[in-house]
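Working notes, structure below.
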Amino acid sequence: MWLRVSCKLAFNIELSTPFVLMLRPRSGEEQWIERDEFKIAPNVPITEFTDHYGNLCQRLVAPKGNFSIHTTSDVKTSEFVDVDFDAPFVEIKNLPNDILCYLLPSRYCESDRFNELANAITANVNPGYSQVFAIEEWLRTNISYIPGSSEYPISAIEVNYKLSGVCRDLAHLGIALCRSLSIPARMVVGYLHNLYPMDMHAWFEAFVGGRWYTFDATQTGIKGGYVSVGYGLDAADVAIFNQFGPVAHSLQQSVSVIQIKN
Amino acid sequence: MWLRVSCKLAFNIELSTPFVLMLRPRSGEEQWIERDEFKIAPNVPITEFTDHYGNLCQRLVAPKGNFSIHTTSDVKTSEFVDVDFDAPFVEIKNLPNDILCYLLPSRYCESDRFNELANAITANVNPGYSQVFAIEEWLRTNISYIPGSSEYPISAIEVNYKLSGVCRDLAHLGIALCRSLSIPARMVVGYLHNLYPMDMHAWFEAFVGGRWYTFDATQTGIKGGYVSVGYGLDAADVAIFNQFGPVAHSLQQSVSVIQIKN
Amino acid sequence: MWLRVSCKLAFNIELSTPFVLMLRPRSGEEQWIERDEFKIAPNVPITEFTDHYGNLCQRLVAPKGNFSIHTTSDVKTSEFVDVDFDAPFVEIKNLPNDILCYLLPSRYCESDRFNELANAITANVNPGYSQVFAIEEWLRTNISYIPGSSEYPISAIEVNYKLSGVCRDLAHLGIALCRSLSIPARMVVGYLHNLYPMDMHAWFEAFVGGRWYTFDATQTGIKGGYVSVGYGLDAADVAIFNQFGPVAHSLQQSVSVIQIKN
Amino acid sequence: MWLRVSCKLAFNIELSTPFVLMLRPRSGEEQWIERDEFKIAPNVPITEFTDHYGNLCQRLVAPKGNFSIHTTSDVKTSEFVDVDFDAPFVEIKNLPNDILCYLLPSRYCESDRFNELANAITANVNPGYSQVFAIEEWLRTNISYIPGSSEYPISAIEVNYKLSGVCRDLAHLGIALCRSLSIPARMVVGYLHNLYPMDMHAWFEAFVGGRWYTFDATQTGIKGGYVSVGYGLDAADVAIFNQFGPVAHSLQQSVSVIQIKN
């Protein structure tokens, strides 16, 4: 399916402020960007680089006053996410070298503290995809998804204590649980078609059966329409913007996803 | 200055044919891509990856029959290329690690065979930018620039024998001469504003005074308006398309560069 | 100075267990490895790869029973660490692209929660090296360094609550404090000459004045004799061994560092 | 099998001369370096970096006078090279992204000019391993292997004209022929057990059936005992030393390979 995704951010900046943005989806195996626009106003100098994880990052110094960013892309992505309950657990010794880092604990995914819970959730479940599915189901049942309920990222431990969270929070707990079972897992931020209320979204992927599979405890039923903007260990790696210095309050963040073709 | 660059390729394909394309300029220190479109017809699956040199490469299998690619980008680039006759030669021991590969001979730049000529051209010239400038001037004077005069890349040795060539050929000889003096040099393909006749273009960069400078023996006077699409050791690395199997004759290759803003 | 560093690990393994090791120091700008040995017994298959941060990592599956690893290297390193109280804070916009990741919060360095404390510690201090020095001094004064006092990594928040820790813990808190001031900081594990009691060691580096400087709150006075084995955001990235499955208790970990030449 | 490989180079240097060396084998999937020594005299500053292809490269400035390098490694490598006449040709569209560069023509492998010859050599041969084997056999029959017969690299075209060459030359022609058939091929330099006369060696690898296979037209019968030091497109990428400035004549180059364990 073809989606037109768009994000508009507007700030009022008190003091000239450096930003690192992650707002340009890139083409890869899973999605193709046919058209892409990235506009800033005023038109200050901007550069782009690629981080560790292959994400496109934009750097600029926002000037004092009103500052806005408007990105839009036409993306071909899958209408359905792949599902395979038979995808087996990949033994550590068979994991590709560049997947190993997704087993490590990270800022918001303290996987080193979740072994007991993960084992309880996945008792009597076949190793692999089915374990991750059990985790996803457990999150759906036990952690209330409350969009807009938190401003800044909290960690899996905090989410598990609070028992509710935004999409990012559910993903953090899902990732921590997977990794504690030695299943590589990573965070994805991006867009989701028909998300309600519409906003930037976050979900996670787990590596089973030799490839990455998409999981999203905020949604019921398994659908597609995902557009990835950034991959990383957790929200620390995939902030759609990092700003440095006095906090620049976002005046506006509007996101849209519309289907433009089949 | 803001340029809208565009390239349209049309093929008639006899047999389903794999292509690797390099037709998407990327944002970096020197240019910013504000808008980008990359359309293919028919809409076969296409993926993208980044090569050794940081270039964006697109892979697809063109189906039998008519096949076309249409790319366009709005790019902010400099109106002038930087010039600094005082930029000194960088001693080998002070070159950054990732620049060293641009000293090596390559397919079309047999720098290991040009030491004598390079020394003759740059006798009595200060080491550094001025040497590269002397090489550029020597090319302008001694190698006739004849757009459209060759179909496939020839090497610096062949260019030096033939005494004429297309933009790519002049760049190859310039690069070989620089490297033979231990000045790192690389090939660039892309677009040039006001190029006549309009087409994809090729030029070279030399690393002196701690950074890359642009050189182009096909042009007189020093102007800007360059948009880079690919960097590499020579034309082998930066073909705008590589196709495999029976040659797919290009029915049409049309290129345009227009200025859209100051 | 020339050091011979050595680490011997012995395990009794209950069940065949995958390991990822980080026990081979590598040559770089700061140290040169003249001789290196890496022996395992029994001699199971072992491979090596390089991670995100450039660290050499070894993979193997330890068999049931006794398993040992013995590494030793002859290393040329500096007798003194560089000190420059005038090295200035590097503005975010001037940081190299590949340094930006060292500003992010990480598993054991929750820099997003330390802004207030960092500002208090560095009030009235010149931005840059002097800020990091003030943090190092504060750690020395306020966090008791108790070698061997913890088995597994704890985070900066936990260290700051506990007010004591091992080398790794002090480094975590130091890193979190630096990053909260927008100073890039990274963890280093390796060897230190004359460390008492001798063991593998951990310290941190901060990026000021355009380069990395070494800091180590566990030591008084500024000395050299450091040999790096791994770099990363924090202990999650630089475990000298990660093992998966049932915990393989280390029977022995013996480390030695002797000076072999000036 | 376990081999102890060693290379000693001695130079008399007229003028202080920058060197880039490639003389440290690295551990990977195919070989494990248990012990490694890299000694230079006099003991000038030396640093190490990793190039595009993952090779370890050492940089130093050799001082005026006598200068020597002595490297030795204990390496576990296979006693036999893998052979699989059924390994199929990998269609371009199925090649991994990072293998594609090994299809390109390069300095000494003008694969763009060998299509006819390669087709003649492999007529009636199954696509894949068998094609490369036919090329290897053709080289053995048609190009005389004369160790020590050339000082500097010559290209596949030149080798094919001269009909004789050193190991490097045969590899260049073999690589050019493979690539002209769209089979990825790369150059390897290193050591070979029982090579006669003993010296540094060069051979090539071709990518068929989803992995790299070793080919060496200088040897009859298929044996193992290979230790890789560097990989690249051709000899331009894998010189065991590159020196810049007035040629420093090698006074001595002695190489040894002995078996130390089964």
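The first chain written gets the first letter, and so on, giving A, B, C and D; residue counts start at 1 in each chain.
The criterion applied here is as follows: contacts are C-beta pairs under 8 Å (C-beta built on N, C-alpha and C of every residue); 3 or more make two chains touch, one makes a residue touch a chain.
Since we're looking at a predicted model, the values are computed, not measured.
Trainee: If you take the chains that touch chain A and keep only those that also touch chain D, what is left?
Mentor: In this structure, the chains that contact chain D and also chain A are B, C.
Trainee: Determine whether chain B and chain D, two copies of the same sequence, contact each other through the same residue numbers or different ones, counting it as same when over half of the numbers at the interface appear on both sides.
Mentor: Over half of the interface numbering overlaps between copies: same.
Trainee: Nearest 5 degrees, what's the C-alpha rotation angle taking chain C to chain D?
Mentor: To map chain C onto chain D, rotate by about 180 degrees.
Trainee: How many Å are there between the centre of chain C and the centre of chain D, using C-alpha atoms for each centre?
Mentor: Roughly 37 Å separates the two chain centres.
Trainee: Report the inter-chain centroid distance for chain B and chain C in whole angstrom, where each centroid is the mean of the CA atoms.
Mentor: Their C-alpha centroids are separated by 43 Å.
Trainee: Whole-Å distance, chain A centre to chain C centre, using C-alpha means?
Mentor: Taking the average C-alpha coordinate of chain A and of chain C, the gap between them is 29 Å.
Trainee: Which chain A residues touch at least two other chains?
Mentor: Within chain A, the residues that touch at least two other chains are 49.
Trainee: What are all the chain pairs that meet the touch criterion?
Mentor: According to the stated criterion, the contacting chain pairs are A-B, A-C, B-D, C-D.
Trainee: State the interface residues of chain A toward chain B in the complex, per the touch definition above.
Mentor: Touching chain B from chain A are residues 26-29, 32-39, 43, 45-50, 54, 56, 58, 76.
Trainee: How about chain C: which of its residues touch chain A in the complex?
Mentor: Residues of chain C touching chain A: 18, 20, 49, 51-52, 57, 59, 61, 91-93, 97, 100-101, 103-107, 109-110, 112, 152-153, 182, 236-237, 242, 244-245.
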